[in-house]
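Chain naming follows the written order as A, B, C, D, E and F, and within any one chain the residues start at number 1.
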């Protein structure tokens, strides 16, 4: 199976669904990790241009932990709007990834970059299936199920499906830890221990479904995308 | 796997989850079908006592179609209340069935018998797991996932999980058709073609998830009962 | 009474509210049917430019079945965005139609074209009432009630009001059948029998409200648009 | 048409739907007003037994204002439980009233007496239609639409349908004013001007739907009770 | 201020709102802790009668940690029903505690004992204010705000208000640890580390509101009980 | 404390939270009132350019009643879109106001200008905290709690928190009355008595929480913005 996971910024996927992606990989699925915004405003002191490069590299290292491919739309932070150019670039990301299932940010998440990345991903996924919408990449006919990841801190999100990530807890920690610049920023900006912050949420989701660590999801439930089997690992 | 499906009256299970039960059976699972109320008021002319016998037999025949066991709490129609006696009789039904997964009526369904049967089933399921609650049947330790069936006519119910029943459509029709007394009553009382009434809903649920016929479910999402895998066929 | 019904693509109105429009016409109301996107990407083989013409003609024929007027914003498929130009063209559609009641897509429908067509219609409806917003068409002062149609396949939509369309079932089938290009595309792309697909939903909505066929609606409930009588037929 | 309106205590109907009942009467419908609890605890000083008599008489006078019939289940305040005896007495109230439409308390209202009166009314309404459930009153076959009134102070209640009561505002005030004992108690117990308290809510509901005074309702939306026309005046 | 906190079983209050109660005490408020069910079925091996005594003592010790009073309705586990006797015993608990604010179980919690304890508490709170409802304890006129605690594992519960319990984290751990019998049972029955289980939830609620540990609440929002100031510490 | 209140048009703040702002001022907080759209289409006869000037002055006078500062984004009515230019101008409004708490329109309000003003405010609030997002105004690091005001007419809005404005009722009336042009337009366009229209809603919110007049709010509940104390007066 081919999995395309889309996050708002470098590190969001690792925090919200890193364990699930590791489990997809464990069972042999191909995984492409895409972040929409390049994270260039995510630091108090490192200049944007430099930070953009640093974070691109951090995302690549995190993906490499599980042998996933890392791609990006490379949009500036807080510059994600619902417009043709971004939507269409996402169409090609999807056509290249040719996924059987997609994972995207929740529309109730805390920040515009997340909310609009969610919309762009969903919209582009349909466009990618239309043969008359010609781009430089071949059409990807399949309308896949789309799962929303948990929100940051789990606010306004009640999971419908849970993935047990207890067996890959360390892998998830390792993936998150690749984002060194972010760990420093969150420490400075919000006094948050980055890896622990993420794992507290995974521990809580684990409490809810009776395992050590878990990640939660909701299906984007619309016509043409509702499965009759479980896609999540 | 062992499956316990609980419906409000004889025929509710057949209408709402007959196809799913057939598919459970196909893959080798054991299925126990229990109706809470005996259906004794479900006719304009047949006297209650006689009707109760007729419907008990109809339920047995419907269960036999898929090789399921048929049991009942044998409470009178519209006499289902949330009280100790009914709850405790359900405890023993559950302990005898010893299920790995339960299917019960939706709490939003159209009639008190359905709503309260739902509550009794959920409550009894917990009691059945308590060793200090001694009855004549052995404790059943396992707290199983519980799925709510669709409601009659699908009002106030948005399914979270779908089961493709296209391959067992005829079996479902056959199960429903066993309830001959009810077919007549619904024809007289509401001018409804019984089997078609049920299959229109299955066809619609099929439209929603992209198959010919389907049945929809929601998980009773509470602590101790949330799975990390799919139980439905 | 004057009715303005707005759908996302040619055929959406026919599928979701064709029966209701037929009933409006039966009682003598004027009906204008507007589609926002021209459907130019709705086929695997027919080139966009040609398809646009074909579908424009199909929409006209479908409207003619009930003696309704057919208009369009003529935006390309998946090119519907919340922007001034589209909103303002809709303002003139509304001012020309001068409706007493509007029917628009549900904001929870499955596709961006539907969701944004819904927003544009609602927004334009207010602008159309402002005399200082000068366009080439006269202001339409009346703030009308707005009803959302059902979604495709009825996912994420619980109707609040139902219209019995049993008496115009054949008319609805005839309207849908006018969209011959779409029937073929859906057959090829999703293996769906077009007319039956739509009528299964109408049959199910009929089951819910106790008639043979029905269509469901929700009111856009905001200040200035809440009626104290029934507008739907 | 015959209307059966059921309130929790004497005065709840007058406050929550008095204007609507007046409008039903204006167009010639028959109205039966039933209160479930007798209001015997609704005063700090008047002893229960005496209060029960006073309030029974006040309810009769209020009903007389619009020429409605007044009946009661005569259960003690805060003694309304979901049990056979109360449910069955309600069955006979319904069979005697033989309604075409029912109005009952909202299940989200502020007090157990309201919540359970709502449940009893809904449950009894079904039982009343069953010929094999024999009581001293003839079966009432019709399953009517059921509307929930607004809640006290409109908390946890978003109306779906509104009734314009501007033309009967004075009648509503007069009906409420019949409950003299209650006016005193609310003044003493909560420092509330009784009639104004009620009319502020009617004025607000009027603001919402663009009239001077209004009352709001929600349909009890379940199978067998969903109309395709407007029953409210 | 006087606080009455009601939990389903001995230990539920400690787990769900122990930190908040500690903070109430810190600022000088009086706290009464009441459990409805006596916990007599909460063990696989200790006989019920003995367990009931043990747990009563554990609850007293936990309350003593913060200088709170401990009371109980002493109903058997899974024997909590919505009936007069239990409701009326709760009336006297409330009248004796004479609270300014109440904390009760969430109506969406995982178990009937919790759900019904919630209902009984809310209902009794109103009855306790009625002077004509005479019991051996004086009427408590005040209708207090009522807050629902979080659910076990936080399923089906989105907090509206948060209390920062970081400063009393150790106190909360100490209170929970008093329930030694339960710690063993949960370890055996569900393989759960009791104190850590509870603190993971507090840590997650802390993540949500930006502190180390927190507890979450929802207001029982009905007429007569809505405050215009914050009651929680 | 510093308060930034953002409304869609001149007068929306006065109607929806004027009393609360008065109470903030009473306790010594600084208040900045910002309207997004300049109200230039809010009249049938006064030309837009002239009206814009009139309404700017009316807003200043209303703010002066409570000693608040008045600012505006000065966007044309119905020209508020989610785009960079507007969002970025709001960033500077927020940086200049440097608030400890923000009040913005509800995302469920009746008009696009309100809905999008809400989005712009929330998005800009985050951007304003990013030091790498350089504008001519200094970064405002603090991520504040954000409260949504009630909607116009209170439709689709259930308040979570209430502010008692009984003591400043006259101040609120005075603030609203400053908008003389609007009073005339609403009288002509919708036959609404402007001040009474607003105060009926405040009276109803007062009924809900047991005071003479009140205003209702909901928290924008997302990560980083959830308080553990009450910010509202």
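Observations on the structure shown:
Quick note on the criterion: a contact is a pair of C-beta atoms (placed from the backbone, for glycine too) under 8 Å apart; a residue touches a chain by one contact, two chains touch by 3 or more.
Worth saying up front: this structure is predicted, and the values here are computed from it rather than measured.
Under the touch definition stated at the top, chain B and chain D share these contacting partners: C, E.
The chains in contact with chain C as well as with chain F are A, D. Of all chains, B has its CA centroid at the greatest distance from the CA centroid of chain F.
Relative to chain E, the most remote chain by averaged C-alpha coordinates is C. Overlaying chain A on chain E by C-alpha atoms takes a rotation of 180 degrees, rounded in steps of 5. Residue-numbered contact pairs of B-D overlap by over half with those of B-E, the repeat interface among E-F, B-E or A-E. Note on chain placement: the centre of chain D and the centre of chain F lie 39 Å apart, centres being C-alpha means.
Spacing of chain A relative to chain C, judged by their CA centroids, is 35 angstrom.
Centroids built from CA atoms put chain F at 52 Å from chain B.
In chain E, the residues that touch at least two other chains are 82, 153, 155-156, 158, 190, 208, 210, 221, 223-224, 226.
Contacts between chains form some other arrangement here, matching none of path, ring, star or all-to-all.
A list of each chain pair in contact follows: A-B, A-C, A-E, A-F, B-C, B-D, B-E, C-D, C-F, D-E, D-F, E-F. Of all the residues in chain B, the ones that touch chain D in their complex are 40-41, 43-45, 47-48, 51, 77-79, 81-82, 109-112, 151-153, 155-156, 189-190. Taken in their complex, chain D has these residues touching chain B: 82-84, 119, 122-123, 126-127, 130-133, 141, 221-226.
Within the complex, the chain C residues that touch chain B are 153-156, 158, 190, 197, 200-201, 203-204, 206-208, 210. Those residues of chain F whose C-beta lies close enough to touch chain E in the complex are 158, 160, 162-164, 208-211, 214, 219, 221, 223-224, 226-230.
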